[in-house]
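Heads up, the next two complexes both have subunit A, just with different partners, subunit B and then subunit C.
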Partner chain A sequence: MATNTESGEIEGFGQVSRTVGTIFRYLLVAATMFGIVMLAVLLLYVANDAIQPSTADPGWYLTFFLALVVPSVAVGWTVRRRDRGAFGFGALLVGMLVVSLMFSGGVALLVIDVVPPLAALAYAIGIVVPVGFAVLLTQQAHRISFTPRLAATTALFYLSLFGLPGPIGAAAGIPQIVPSLVGAIQSIPVIPVDWMMVTAVVGGGSAAAIGAYVASVRDTRAGLYATAAAFAATVVAGALGPAVGIDSVPAVVIAAIAFVPTGTYAWRGAFTEEGSPLGLVFAVTVVGGALVGAFAVNVLGFAGPQSWVDWQFLTSAHSGTAENAGLYPAIGGSILLMATVAALSFPLGVGAAVYLEEYASDNALTRFVDVNISNLAGVPSVVYGLLGLGIFVTYLGRSAGTVLVGGATLALLILPIVIISSREAIRSVPSDMRQASYGMGATRWQTVKNVVLPEAFPGILTGTILALGRAIGETAPLIMIGAPNVVFNLPNALGAKVSAMPLQVYAWSSLFASEDFYTKAVPAGVVVLLAVLLAMNSVAIVLRNKFERTG
Partner chain B sequence: MSEQNRDEQRTGGDGSADPTDEDMLVQTDVSDSVSSAGASFDRDTVVSAEDINVWYGEKQALQNISMDIPEQSVTAMVGPSGCGKSTFLRCINRMNDLIDAARVEGDLYLRGKNVYDDDVDPVALRRRVGMVFQKPNPFPKSIRDNVTYGLKIQDKGGDYDEIVEESLKRAALWDEVKDQLDESGLDLSGGQQQRLCIARAIAPDPEVLLMDEPASALDPVATSQIEDLIEELAEDYTVVIVTHNMQQAARISDQTAVFLTGGELVEFDETQKIFENPESQRVEDYITGKFG
Partner chain C sequence: MGTDELTSDLTRQTENSPRELLTRTFFFLCAGLSIVTTISIVVLLVTEAAKFFTITAPLMGITGPTASIVDFLTGTTWQINSGEFGVLTLVSATAMITLGSAVIAIPLGVATAIYLSEYASNRARSVLKPALEILAGVPTVVYGFFALIYITPALSVILPSIGTFNMLSASIVVGVMIIPMVASISEDAMSAVPDDLRQAGYGMGATKFDVATGIVVPAALSGIFSSFILALSRAIGETMAVTIAAGSRAQFLNPLNPASFLEGSLPMTAAMVQLLLGDITGGGLAYRSLFAIGLVLFVITLIMNVISDFIAQRYREEY
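Right after this comes the complex of A and B.
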């Protein structure tokens, strides 16, 4: 603009003022950091109250510093300089161990206090058998047409779960003639030992998943070996557990949910062609360091911090004194609520998303639905609580505050979020692929089943987990549907009263607001809640990174 | 509506294109349409279009296209961008049905059956007409699953291993991928991916193979491989290929149809005649680069 070529000098290469730009840039930095810093300060404050790090012996810190931090940093730095990928794998492996231990805790809680092992075994068999038949039938798809296959599968499920004539007959007054498979198993005269039944259900499921994973990495043979090895490891854990002071049932669960999958992942990352054992070295250093540190402080007699988040807090119910109060029924309640929410919102949400993206034509109704789903995602949760109270309790006459009502209400709450994120994932499937499928003569259903859903699945799963993370923190809807602030036992049926972690924290902070509850139990509850939330979100993030389209 | 258009076409058509008397005799059915001027081939007709008009919303993309495509040969469609050649290709297997705004009028016969009849299921039609797209679009599945996709969705039996080998051999890809059939189709190079798409399209043994600029996203080496492949495929299949590469059309096709802006088919004849002695001045200008 200001070039003056007539003077003969070459101008216009000097400094241009950037004052406004610089100010703007730093304002943006401040805006970015403001929320994060505020939250970090709050979390540090809460964590300080909950864990009380200042109460530990200096020797305790020194021991862990020498055993855990120094070797981890040294090994980690070396590994990272050699091979970034291996370092990432090692870090992921440690994270996986921690998160899977948390998940195994949740599952252990379910099989110990919620579902009787015999019922779990009966339902597992009662579902696996018809599913197996359905798979066999599907393999004969070119010989048997769809309708008889559907009829046979439905009949098998009905027989297996309800028997003949089942609830339909009971409604008509016909007595049960053929017992269901589930009922038959539950009435067998000889009841196997609990931990063996848990091994069959949890260990069997875990071993099957491991086998499928290994088969996808290597081949079918390796998959079968892996299944056998995983199951054997679970059985061994159950048998040896009592010798090291862990009951058989939790030992089985921890082995099946935490150690076997982590071990398989470690094998894959360290000993297959594309892997590197360096990452495993790092992971072993971290875990070994933690174990050595724990052992050393025990031997040397250094006291750790007097944390409020301790074993007692995690395994006992609410009590009149803050010292004895715990979060156990609330943790279990939250897990059951999440299972119900996932079971309800996932099929509904994904179904709606598939319909809106793949089937619905662009008309006034679709646009109306579209706008309203976006609006519903922003409706305050207390309104959903009112909706749940109105529909499920008042109108349908369910008793207030149960797992089913709470789960259904929270499912309604996150349904719009699940739909929106699933639609996003489905929309990101390249239209090239749909065209290719249609061009091959695929029907819409075949295209959705074979191309769209497999491609969109990781995104759908990530969105659903993040939405569940919102549901697990909700308090207002649970208060609205009349969930009790305090329960002393885990709910053992869908119709049982349930509390949840945020509700328990709220109760401690308001109803039992003595000094100790307010300053100790509440922060401890918040820390546990956030830990569970972070574990769920970390699964979502890992899934997203894992399946992110490359190239 | 369709009938009315056809009449308009008939009255307006004779003036602009000038078919010879001989052509009038040979082409009994669509003789008086502009577009098939001069086009009569000694092979049997597989695909026969009669007065196809396509609109995208208000905009007309194809105007009164009529042409007879002979079997077991390569028919190239050339023309500038936006002239409707891809649109016409997608009329043959009714892929335009998938676009909400698209409206097709006219008749298109595949072996004597009008594919726009009410009793024709477009899905069944697409099982008889394979398609290869401009951009290589293998599924994110293994190479084997890519090739067997059509067989699986069509519930076709048979020895899949044999069909996979046969299809990949015909697509000239077998030697390069025979040891990695279980690896993802997306791990292949662009040219290999396109040949995989061709193998996928021919595995269910379609009657007609449509190719929408199959080499335009590829480098010269891969392009020449695809071209050799197309010539070989024409021994068994009726291949209809859209290209805007004139040399490519001249190299590989037996017949060439020239579409020009506005969605009209200006000339359709033996490739040699189109390139050496076209009837229409506009076609000559386009082919020699003096686009007018």
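Right after this comes the complex of A and C.
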């Protein structure tokens, strides 16, 4: 190394080669991107096979480009430059409309093909009436002590759902003396039209929820007005639906689940003090552009892509030919399975999390449960399937492959995940709040009910939705419990055989393996499954972001 | 503990009221369910597997065909119809999938973790982490379809002798599937390395590369290893991707011979699905073999989970 004696500096001192570091850095980026890019390419391939964008008319693309893309980009860019928050609100509104339309489709499927409207109405009334009494009783809490209140509430529910003496009496051989409320409603000779009953159940529930939401934003009066307005909108949708070619029942469901909630959210974001109508302008541009585009291609006669994900695919059952095969029973099966899984795993998982975080002392048993749960989370899903097969089917003698057995098995599978995420949510509630509650003289249960659970609820909900997303993609446990590969009808009871979307995709790609199924039905099934997963996960992520900001 | 004692002292009066007892019992039963689940899994697998083996079947009061435990653990033929249950065949296939997915997931996962923890800006991290989570969130049946329909044909361009069902494509998708697991646990371990160590490294004149490879990775090694083991136990239990992509013909392959990755075989999980889809009568020998495989699978994954836990606890550097 040459030395520069005059300045006393050594050439190259303090300098190292940057090459190694730079190469290493790029290698790391490449490694990070590898999986993501690979999956993106595979998803493009499968979307291409399922939707076949190349079969559309160039005019179709041109029309949508002019009607949807150009105005949306222009308006979106302007709005975003003026007010980023408003742009985010507008984008969220469009997303909410799309996701809630998907969910309303699921609910419509339930009320049309699974639960008869009369039974739904009967059970809704049979549950609402005792709940109302229970609320009244709770208001008398200072006069009546807990035990008689509990007894009265339980008796009311039993009477309303089962009558006297009900299943307990039937087991003892006593004939039914007093019919249950549910039974009485179902045996009324004059029944209203289907869509009115659906309006009462779905529209009533949705209107009540919206009223509560508006009341929490504004005041009770506004809440009451909102309830009335929401219910009226649902009724109008049911009455006018047939005029525009939609049956009354789906019209009511779509209005109650998709349009009314989205409309309420739009009102809140655009016309209350903290909101801004700019975001609404963006949302209206996107939705309006899509509608105008769809109308224009219809009038001009441009053919869209020959997508395999079409109305026929979504509404028909399996068929021997790939062109006619559909996913309808599998979609319905997945919805029912998810409802069962949620109903079982949510209370059990949250209950276990509450016990471990709020009640358990730090002893050997608690530590054992702790280790046990983390090990259960690592047990392969086939083993859970074996558990379902061995316990529910073989030992308890339930018939194989039913909604109940499948739902219970999947619920056990995701229970550790629900517990772990709920514990995290509960742990993040500051202990000051608990101490404040105890300081007010609250008992442990009152603290859990009034402080811990409401604070932790968004986190618990996010974790549960993500866990349900895991359950909806599971196939192996369903195969193990003997779910049939091909189902032609929707299950109409908890004891009916069920299929599910991933199971149907597996059946098509293995049992009906042919070039036709590989290029048509399976990609279409994969796209639908991924779309449902995406919708669920985006709901979870939006919830998490929303509550992380404020909380 | 101080606040806990205070709490119990303050709430002693009301602790045993009917409402408190009722709610506490409910929460306790919920937590107890996890123990019941574990016990049920163990008891079920052990009793059903015991009915399968000749040596233990009389204890369970089972007469009829049984299988020798020695043949089960050492045999290299899996032919249900001729009554040959050599689980080594299935284990070798599972070992191949595990090995193949490890070759993909371990380097990529660790590299991803180093990038996310040491190099990525906050903005890049907030985009990349959810994107990686998607890799783990795609249903495994979809991965299996990808392997069969897109990856195998693409591989056959380079390797013409590859079979329709092959271990290579199954290993690739399982590897991609477990990258996020390796990456997220390793990244947690790397993020837990205190900044002082990095600053000390820079103070000694180390480059970013030196700090990442010479300081952060060694300091986080226990977490990194525990992530490997957890991810591999996930790969072992992975079912649908290998069922669709790896084939249905059980054959004993040498996991260390690269050429055998071009052939298909039957991993343990796939064998279970295949048994279920075939006509097995409840209580028959094939039905019980299901539980015998399940027991082997459960024991292997449990041991790996415990080892991973042990490494993470025992060799953790305390800062």
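Convention: the second predicted complex is superposed on the first by the 519 of 551 C-alpha atoms of A that agree within 3 Å, B and C clash if a C-alpha of one lies under 4 Å from a C-alpha of the other, contacts with A are read in each partner's own complex, and residues count from 1 in each chain.
Note that a contact is a pair of C-beta atoms (placed from the backbone, for glycine too) under 8 Å apart; a residue touches a chain by one contact, two chains touch by 3 or more.
Since this is a predicted model, take the numbers as computed values, not measurements.
Novice: Is subunit A touched at more residues by subunit B or by subunit C?
Specialist: Partner with more touched residues of subunit A: C.
Novice: After the superposition on A, what does A:Gly21 contact: first (subunit B), second (subunit C), both or neither?
Specialist: It touches subunit C, and subunit B stays clear.
Novice: Where does A:Thr147 make contact in the superposed view: on subunit B (first), on subunit C (second), on both, or on neither?
Specialist: In the superposition, A:Thr147 touches subunit C alone.
Novice: Please indicate which partner A:Ser361 is in contact with in the superposed arrangement: first for subunit B, second for subunit C, both, or neither.
Specialist: Touch status of A:Ser361: both partners.
Novice: Of the two partner chains, subunit B (first) and subunit C (second), which one does A:Glu455 touch, if any: first, second, both, or neither?
Specialist: The answer is first: A:Glu455 touches subunit B but not subunit C.
Novice: Contact-wise, after the overlay, does A:Glu515 reach subunit B, subunit C, both or neither (first, second, both, neither)?
Specialist: neither
Novice: So, A:Ala436: does it touch subunit B (first), subunit C (second), both, or neither?
Specialist: In the superposed model, A:Ala436 contacts subunit B only, not subunit C.
Novice: Does subunit B (first) or subunit C (second) touch A:Gly390, or do both, or does neither?
Specialist: After superposition on chain A, A:Gly390 lies in contact with subunit C alone.
Novice: On subunit A, which stretch or stretches are contacted by subunit B in one complex as well as by subunit C in the other?
Specialist: The overlap between the subunit B and subunit C interfaces on subunit A comprises residues 361-362, 435, 438, 443.
Novice: Along subunit B, where are the residues that touch subunit A in the complex?
Specialist: 93, 95, 98, 100, 123-128, 130-131, 133, 135, 137-140, 149-150, 152-155, 157, 186, 197, 200-201, 204
Novice: In their shared complex, at which residues does subunit A touch subunit B?
Specialist: 141-142, 361-362, 430, 432-433, 435-443, 446, 450-451, 454-455, 551
Novice: Quick one: in the complex, what on subunit A touches subunit C?
Specialist: Checking each residue of subunit A against subunit C gives 16, 20-21, 24-25, 27-29, 31-32, 34-36, 38-39, 42, 45-46, 146-147, 150, 347-352, 354-356, 358-362, 368-369, 371-376, 378-383, 385-387, 389-391, 394, 412, 415-416, 419, 431, 434-435, 438, 443-445, 448, 469-470, 472-476, 479-480, 482, 485, 502, 505-506, 509-510, 518, 522, 526, 529-530, 533, 537, 541.
Novice: In their shared complex, at which residues does subunit C touch subunit A?
Specialist: Answer in residue numbers: 1, 3-4, 7, 10-11, 14-15, 17-20, 22-24, 26-35, 37-38, 40-41, 44-45, 48, 107-108, 111-112, 114-116, 119, 128, 130-132, 134-135, 137-142, 144-146, 148-151, 176, 179-180, 207-209, 212-213, 230, 233-234, 236-240, 243-244, 269, 272-273, 276-277, 282, 290-291, 294, 297-298, 301-302, 304-306, 309.
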